[in-house]
Structure formats: structure tokens, C-alpha cells
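Alright, structures below, take your time with them.
In what comes next, subunit A is part of two complexes: it sits with subunit B in the first one and with subunit C in the second one.
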Partner chain A sequence: MAERTSNRWLQPRRVAVLAMNTFTQLVRMKVFYFLMVFAFIALASQFFDLPQYNGPEAVGTGELQLLKGWCIGVMKLYSIVFAITATALLLPKDVEDRTLYTILAKPVPRIDYLVGKLAGVLLLILVSLLFMDGIMSLLLEVRTRHVMATQMEFAVSRGWSQEALESLRRDIGAQGLTWSLQGGVLAVFLQSAVVGASSLLLSTFSTSTLFTSVVSFLIYLVGSFQADAAEFYRATTEAGTTSFASLALKLLSLVFPNYQLFNVTDVAIQGQAVGFHAIGSLAGLSLFYVVLYTLLSWIVFSDKEF
Partner chain B sequence: MRKSHRKLVAVLLILLLAGIIKSPWERAMTRRFMADELLMKPLDIEVREKIGQTGAAVVLGGLRPVVATFLNLRAYGSFEDRAWVRLEDQFQTLVALQPQTTYYWDVGAWHLSYNAAVDFRESETLPAPRREALYREYVLKGRTFLERGIRNNPDDWTLLSSLGRFYGNPDKFPDYAKSADAYQKAWQSGKARRYEARAWLYSLARVTGRENEALLLARKLYETEQNRVASLLCLLFALESAQADAKPALDLIHAIFPSEKDALRMLTTYRDNNAEQLPLTGVDYAITLLASRQKPADR
Partner chain C sequence: MSEFAVDIRDLVKDFPSPLRGVKAFRAVDGVSIRIRPGEVYGLIGPNGSGKSTTMKALLGLLAPTAGSCAIFGKDSMKVDSRNDVGFLPENPYFYKHLTGAETLRFYGRLCNIRGKVLETRVSELLDLVDLANARDRRLGGYSKGMLQRIGLAQALVQEPRLLILDEPTAGVDPLGSRQIRDLILKLRDRGITVFLCSHLLEQVQEVCDHVGIIFQGRMVKEGRLDELIAVEDQQEIVLKNASPELIARIQHMVGRTPGTSLVRIGPSRTTLERLFLQETQGGGE
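Entry: the complex of A and B
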């Protein structure tokens, strides 16, 4: 009876052990050094004094947008590159180190192995993003307070009314640390989870890390481009062009994820509100993709021989 | 068929089936995100060409603000080089990338209508008629740019206020009615400073035929203590004096200004520094009258 229980699929403890093992494996590859680079860039940006933000046209919030743009941009770059390369590397590396044979020789269901590996990668991305988010939030808060103090002092000296001061306070506050910005960071994580899962699916077909990485990047680009292309062809189809391109695009949009939906980070950087509903929808869609790609990976991997 | 091929076909079929389920879901999300302005419109081909292949790829990857930041730095270089055509082009691209960032609209319009226009007018290498033509062209370009910004951000009071300033500048082919209209909208947004209400009055007072409307507004603004700045007091005096049944000047002065001494100081400054070309009815007479009533020690 006990033996039957231990062979159950997706046993949380087993998946957690595999995930932690993957996490440790990746940490040993010294990926966290990147976080030092991030911290350095973020800190250095505090000392940039760009002239156009200090001129008579200054609105005081440009520098806050600049800081957020840099930080979220680096977070996105890091998480996408890492999700692709780390996931593409996992299976070939386990084969090369012969760890895979040791694991699969034990009563470990292959789905547990795949889920554990993916969870390990995602855990590392999550920890890294939390670290980067922490640094960004800290610096942004310091900078926002500075901008707020400077702008309010100026406004008071010019005799602005109470309502105008409130409006200024709101405008600067919207560019500071907000839940929308945190939602933007969460969207970065969700996107990297989908990218990682698609990379995992590819790596079950291929044994070459390079092939998996390159094709995963291509899928990422196609996924980012397909919504634009669909819109373009919708317009041209209405104008009477051939339907072949439309058909090809429909097929494309069926197979690839629409990564543009995750670009809500852009508006979060601009200080606009990103509601919980939007983030919830993205989380639901990401879960759908991660489950789908993991199940497909398992179909391919279930009786693969090494 | 080999087993691995069969699996590949199965995976593709499942992907297609899943695609049929997720496509309407994604389309609905895209529509909702677009309606909520959480997603930006796709870039057109022209903008993609301007930002280059790498920039376009970065933009597609969801990093528009980062590309815009770099482009803004380049635009600042163009400003320093006084390369106005290049600067205009860069700001057109910037606002295509970030149409909701009002800062780019405001600064772009300011560069065109003020910096570029004045630089052309003061150019020593161009013949006089060409200088004037370019001055006019760039003033209007800046204004058109700003109006586009307002169409993209109709709720933003700062852009409306800038438009009011552009139209209300006597050096820049003014249209005081449009200036008043822009300031009025800015003030009525409920977010603007009290200055926008006063600026609305200053523009309205310069529209021929709308002096009575301006007087009513001036009286209303005067009721609020914080609005009683020198320009508003003097303008209220000028508007009241222009009425057919105006009260005697001294009565008006006592009703509007804190003291005769302040009235003399404020009205003199108002008349001498009237670059804005505000109404001056009764001001000269009031200054002469007040000067004659000053005690010798006060003169």
C-alpha cells in the first residue's frame, strides 16, 4: 500500500525535492552573479542627472519612469533568457552527468521529474525577480520621496492651491511604488513561466541545448509578433487580399502563445493602473500554457529511451 | 510511421486543439486590455523602420519604455545640435512608441514651437522672408503636435494648459478664443492649479466681443482670496472700467485693491509690463489719479 502511494504521480514532496535539487544545480552555475550587475546598474542610475529632466519643461516624474523602465527591462531580459537557456540545458545536462539515469532508475514518475525540473527553474527566476524587485522598489521609493519633496517645495513657493498640490502629489505618487508596478513584475514572471514551459517541451524532442535555445527564442519572437501580424492581415484581408496568408496566420495564432498580452508591463512603467482582474486573467492564461506544455512534454518524454 | 513521428503528430494535434480553445480567450483578453488601455496599438511599418530592426525586436518583446528612453536621449542630442528636422522626426517616433506619455507630447511641442521656431527666426544664414516662413511653420507644427497629444490624452490637464499657453502667446500667432477654451477645459478637469482658471480669464479678456463674459469670470474668480493676484486685480479694474455704466475710478479702486498705494504700484507694473496685451481701459487715468492723491512722503 505504502509502495503504491509513493509511486503516485505528482507527489508534492517528491516534486519539491526535484525542484530544490534543480534550484541548487542552477545556483552552482553562478547565475546569481547577474544580480550583482543588476544591483550595480540600478544603483548607478541613481547618480544619472539627465539634463532634459531638469529643464523648465520638467514634470519631475520622467526620472522615475526612466528608473522603472531600466529595471523592468533588465528583469524581463534576464527572466526570458534564463527561462530559455536554463530549461534547454536541464535535460541534456542530466544526461551528460548521468543524473537522469540515477533518478529514472528509481520509482520516480517521469511527469514528476519534468514538473520538478520546471519548478526549480521557475523558483530560481522567482527568487531573482524578488531580489531585483526589492532593489528597484527601495531605490524607487527613495527617488520618489526626493522628487516629491523637490516638486512640492517648488509648488508651495509658487503658491499653488491645495487641490493643485494634491493633484501633483497624486501624479508623482502614481509614478512611484504602486501595486500596478508589482503587477507588472508579476507579469514578467508569468511570461517567463510560459517561455520556460515551451522550452521544456522543445527540449524533450531535442538533445541539443543550442537547438532548443535558438528555437525557443524564435517561438518567443513569433509569439510576440503574431498579434501584430494578425491585425495587419485582418486589415489586408478586409481590403481583399488572398486568404492564404490569413489561413497561415490563423494556424500560427493557434499554435503559438500571444506574448503581447504580457506587455501590460509597459503601462505599469508609465504609472497607469493595471487591475487585479488583468493580472488574474494573465495568471489563468499562463497556468493554461504551463499545464499544456508540461503535459505535452510528458507525452514525448514518458517512454523516451536514453 | 515511427513511434517518435506519431508522437510529434499527436503533440501538434493537441496543440491545435488547445489553440482552438485558447484563441477566443486570448482574443477576448486582447480586446479587453485594449479597451482598458493596458496594451498599446501595434507600431506601424514606418515607426519600425525608424527605430531599426533591433529596436523593433525589443519593442515587440515588450520593452517600449526602454526604447523610448534611449530615443529621448538621442532627441536631446538633436536639441543640443539644433538639428530640428531630426528632432521632429525623433519626437514623432517617440509619441508613436508611447502615446500615453504626455511628457513626450509636451516637450516635443515645446521644442518645435519655441526652440526650433526661434532658432530659425534668428538664423543669420537664411534670407528674412524664409526665416519668417520657417518661424511660422515651426510654431504651427508644435501646436499641431500638441493638439494630437490632446486627442490621444483627452483627460490630461497639463497638455491643455500648454495648448492654452501656446495659443495665448502674442508672439506666436495667437488665437485667444482657442487659448481660453483650452485653459477652461484644463481648469474644469478639476485637477489643474488655480493658475489655469486665471489664465482662462486672461485669454478670454483678449477675445474681441467677449469682454462681458470675461468680466463675469473675473468677478467670480475675485471672490476667492487666493486668486487676488496683481494681474487679476488690474484686469478686473480694466474690465469694470470698460463698462458703459462703470462706477467712478476711485470707487472701483477702493472696491478692488487693498489700498491706494498697492493699486498705484500694481497698475503701474501692469501697464508697463503688458507684453501679454491685456486690456488697459481706465488704467492710465487711474495711475494719474492715484499719483496725484499720494502724500509727498509716499511718492
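Entry: the complex of A and C
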């Protein structure tokens, strides 16, 4: 006989069961095939030559930036598209197949179901990103060593001073494998978590996967441009100074996360340092939105009838 | 502790119309059902009569517009009431990516069963529903009857005291249907309360001891099956190898008794289903 425990909300074991089931479901839908595509793209980026606008000494760092740019770009695209489509697909599919009935007919609080589903999608994105990060790091490390050797040889042959050589070494090292770059990958994951949570919210009141996906992408676009739009509005009108407009803008930025904040990835690609503080703030902001969207999802889902 | 396994009181369920000014559709109208532990209760009615809505309200999948539903005394809208319930929906599609054993493990873990206890339970249930040979096959490759049986197994995974079955044999061939019926009888013998709804009347007649007839959302008849189907002014005598002389004597005796008449005489007939089972399985009843 099953152990009769109290069915308190957010029981970690139960959420983990639902998350692992979602993870397995997605893995068996063969989504990992995409990782092979990623590996191919990352390898292909090695064979592109850059136009030499900035002189031969900049070619090496440019190549490293290109590699990082390709890899992070593909990671971002994959995680956003996957966070939206997978989250938008899973819930309506469970309702349509009546699998949801059998789950909710067990002692499973609805919040556990929602959190489990989201956690499963995010787990898959995390595992995929770790894999892609591994490939990128490996290629970047190999490439950095090669660039370092070539550029140093070039600089020595030109008779650069010791100080200039050291500066070159630092510049190339900054374009290689750094903690800032790992922070950039973490930012990609955090952004996908927020996007996935917003998609989950939409899927709780929408009955169509297509609607959820399209609106989620729109929300992502609005979030990506809302800071610029708000700034433009403030700069071009007097309204930005009134309390009502100010409140409306704040409300808008509360509902739609400012996805430009996640562009620390660009900083990492440029080889500049991304501080712990910036990543910490981003993690806090992401957590806020994930919790907010999940709570709103639960409020809608708890009264939903099937 | 309530004396009823199921206690539905004056249940009303309205589905509001999305159009303004259009009256809400009343799917269930003042239905009351009480099932004592150990009973097999059949709710019968035509399609759209409110059977599934009643079951969903009992499981907390729908909120009653009025009235209340309780399982072993616990309000159906509370999660705790689901500790003692197993549910098989109509035409269920479980996760196709899981095997039979994985499906049962998944539902077992949701009910907080783990480790050796879970593994033993999974094997027991697969044996019970005759799917031990298909335990490692993915559900995507299961037939309709196999899906119903794995559905029944998942409903039983936490050893519930109440089993709710919505059209358990819908779309299943007569052999599969018979297997499911036999399982229900087995469960009844183990003391599990069964609440099933169906529009297959013969099936309900075979397994249920209490029946409710629902029509257009209202309960029109309810009671013990043998009382409901008994024709009060008629008696039945079934004879085996009776000679024509004996039959003639009986007819003569009946004819001489005032107020008594012979309604029908002739060879007993089997049902088409029994004939089918006899021919395909070499058995039947």
C-alpha cells in the first residue's frame, strides 16, 4: 500500500518525477539530434576566413570572436525556440491525450504538475547547453592555443617589444575560454528559463499550441525591444514625466522582462569581463520572473476545468 | 470516516456559453449517488447524458456549480481525496514514449511508492492485467485493449479503495472487453469499490450490483440491479433435456390454473457475445 503522506504542495520528489518524465519524453522525441547540428556548425565555423580590415595582428582574435559568436548564437536560438515550443506543446498535449486526467486523478497538486513540466523542459535545455558549451570550450581552447602560437610567432618576427608581446598575449587570452564566457552561457540559460515560464503561463489558458508559440515569440520580441521603446517614448514625449505614464511604463517592464539585460553574452563574446555582480543580478531577475509567471500559471491552472 | 465510498449530493454542473445572452448548458442537474464500500455501481445513460461530467466532478477535474462530491468522506476538490482513488478515463492515451513497466513506475512514484515495493507492485499489476510479456514494450506499440488494461493497472497502482472507470471497454474487441470485465469482477472480490459508467448495458448488467440511469443530466432510476430488472409478475423456469411430453404436461397445468398464462416457451438462446467467445477462444461461459 502506498505510503499515505500529506499531499503538501511542491513536494521535491514528486516534482522530480514529473520533471524526469518530461525530460525523458523530450529526449525520446529525438530533440538531441539538434546537438549534432550544433557540433557541425561549430566545426564549420572553423573554416571561415575573415577579411583583414584591421591588419594581420587582429585576425586571430577576430577568429576567436567569430567562433564564440556562432556558438553562443546557436545556443541562444536553440534554447529560446526550444523553451517556447516544448513548453507550449506539452501541456495541451497532455490535455488532448487525457494523460492529464490520470495524473491529476492521483494525489498530485496542480502546482507540482506545472513546476514539474517546466523543470523538465529547463533540465533538457540545461543538459543541451552544457553539451554545446563543452564542444565550444574544447574548440575554443584548441583554437586559442593555435592563434596564440601563430600571433606570437608573427609578433616576434616583427621584433615587438616584451611589453607589446605581453599585451598581445593578454588580448588573445581574453578572447579564449574565460569565466565571463561561461557567465554568458549561463545568461542564455536564464533567458530561456524566463521565456519558458512565460510560455507556460500562456499555455495554461490557451488551447492551441500554435497560439501559445506565436504569442510567446511576440512577448519575447516585445521584451527584447521594450527598453528601447520606453526610452524613445520618454525622450520624445512629455508623457514620460507624468506619474501615470511612469507607472504604465513600470508595469509594462514588470510584465514583459527586459531581455536586453541578457545581452551580457555579447560582452562575453567581445572578450570583455562579465562581473559576478552582473550575473548574480541577472539570476535574481530571472528567478523573479520564473516565480512570477509560474505563480500566475498556477492561479489560472488551479481553476481550470477539464 | 464516512460510511460511503462515494457521496455525491445534489450535483449540478453548468457549462457557461461563450456567447453573451445564451443560457449556460446544464450537463448535470441535481444528481445524488451514494456508493457503499465494496459495491460495484454502474452509471448508465446515452452519450451526452452527464456520466463523464459526474465522474470528473467526483475527481475534482470539474468544480460543481452546486452540490458536493466526497470520496470516503473527503471533499473531492481536495488533493487528499485522491489518495484512495484510481481512475481510468475513456479512451486514454498514456505517454507513448514509456514502456508498460515505466508507465506503472511513473504513476507509482507520483503516489509516493518507491524502491522494492514499487517494483513488486509493477510486476504484480502487469501479471494481473496480463501484460507481463509486454512490460518492456513502448505504449506506442500497444493495441487498444492493451492500453485499456495498462490504464486499469495504473489506476490500481497505489492500491486504491475506489476505482472509477469511464467507459472501460470503449472501442475494445469482445475478447479484450471480457478480460476487462473479468478484472472488474476480480477487484470486486478483493473488496474494491467500483464506480463505472458505460452505455453498454449488457456489460453493466454482468458486473454491477447497483445501477443508476442518467438521462439529460438527471437521475431517472436508481437501485439494486436485481430489483430493477426483475419483472414482478413473471417467473422463469429453465429446463434441460425436457421431453415434449413434459412440456405438454406443463402447458396443460398452466392452462388449468386460473389467472396464470404461459408467456414464452422455446429453446434457450445464448448471446452473440458468448457465441463469439466460444468460437474464438473455445471457451466462454
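A few notes on this one:
Throughout what follows, the second predicted complex is superposed on the first by the 276 of 306 C-alpha atoms of A that agree within 3 Å, B and C clash if a C-alpha of one lies under 4 Å from a C-alpha of the other, contacts with A are read in each partner's own complex, and residues count from 1 in each chain.
The criterion applied here is as follows: a contact is a pair of C-beta atoms (placed from the backbone, for glycine too) under 8 Å apart; a residue touches a chain by one contact, two chains touch by 3 or more.
As the structure is a computational prediction, the values presented were derived from the model and not from experiment.
Annotation: superposed three-chain arrangement on subunit A; subunit B versus subunit C shows no clash, the two fitting side by side.
Put simply, more of the residues of subunit A are touched by B, taking subunit B and subunit C as the two choices. After overlaying the two complexes on the shared chain, residue contacts for A:Ala44 are found with neither subunit B nor subunit C.
Once the two complexes are overlaid on the shared chain, A:Phe205 sits against subunit B while remaining clear of subunit C.
Shared-chain residue A:Glu305: touches subunit C; no touch with subunit B. Residue contacts after overlaying the shared chain place A:Leu287 against neither subunit B nor subunit C. Of the two partner chains, neither subunit B nor subunit C is touched by A:Ala248.
When the shared chain is aligned, subunit B comes close enough to touch A:Asp266, but subunit C does not. Here the vertex is the CA centre of subunit A, and the angle it makes with the centres of subunit B and subunit C is 170 degrees, a multiple of 10.
Minimum Cα separation between subunit B and subunit C in the superposed model: 8 Å. In the superposition on chain A, no residue of subunit A contacts both subunit B and subunit C. Within the complex formed with subunit B, the residues of subunit A that make contact are 50-52, 57, 59, 61-62, 65-66, 68-70, 72-73, 76-77, 80, 159-161, 163-164, 167, 191, 201, 205, 220-221, 224-225, 227-228, 231-232, 251, 253-255, 258-267, 269-270, 272, 274-275, 278, 281-282, 285, 288-289, 292, 296, 299-300.
Touching subunit A in their complex are the following residues of subunit B: 7-8, 10-12, 14-16, 18-20, 22-23, 25-26, 29-30, 32-33, 36-40, 42-43, 57, 60-66, 68-69, 72-73, 76, 79, 98, 100-103, 106-107, 110, 158, 190-195, 226.
Contacts from subunit A toward subunit C in the complex involve residues 1-7, 13-14, 17-18, 21, 24-25, 28-29, 97-99, 101-109, 303, 305-306. Interface residues of subunit C, counted against subunit A in their complex, comprise 56, 59-63, 79-80, 82-83, 85-95, 97-98, 106-113, 151, 154-155, 157-159, 164.
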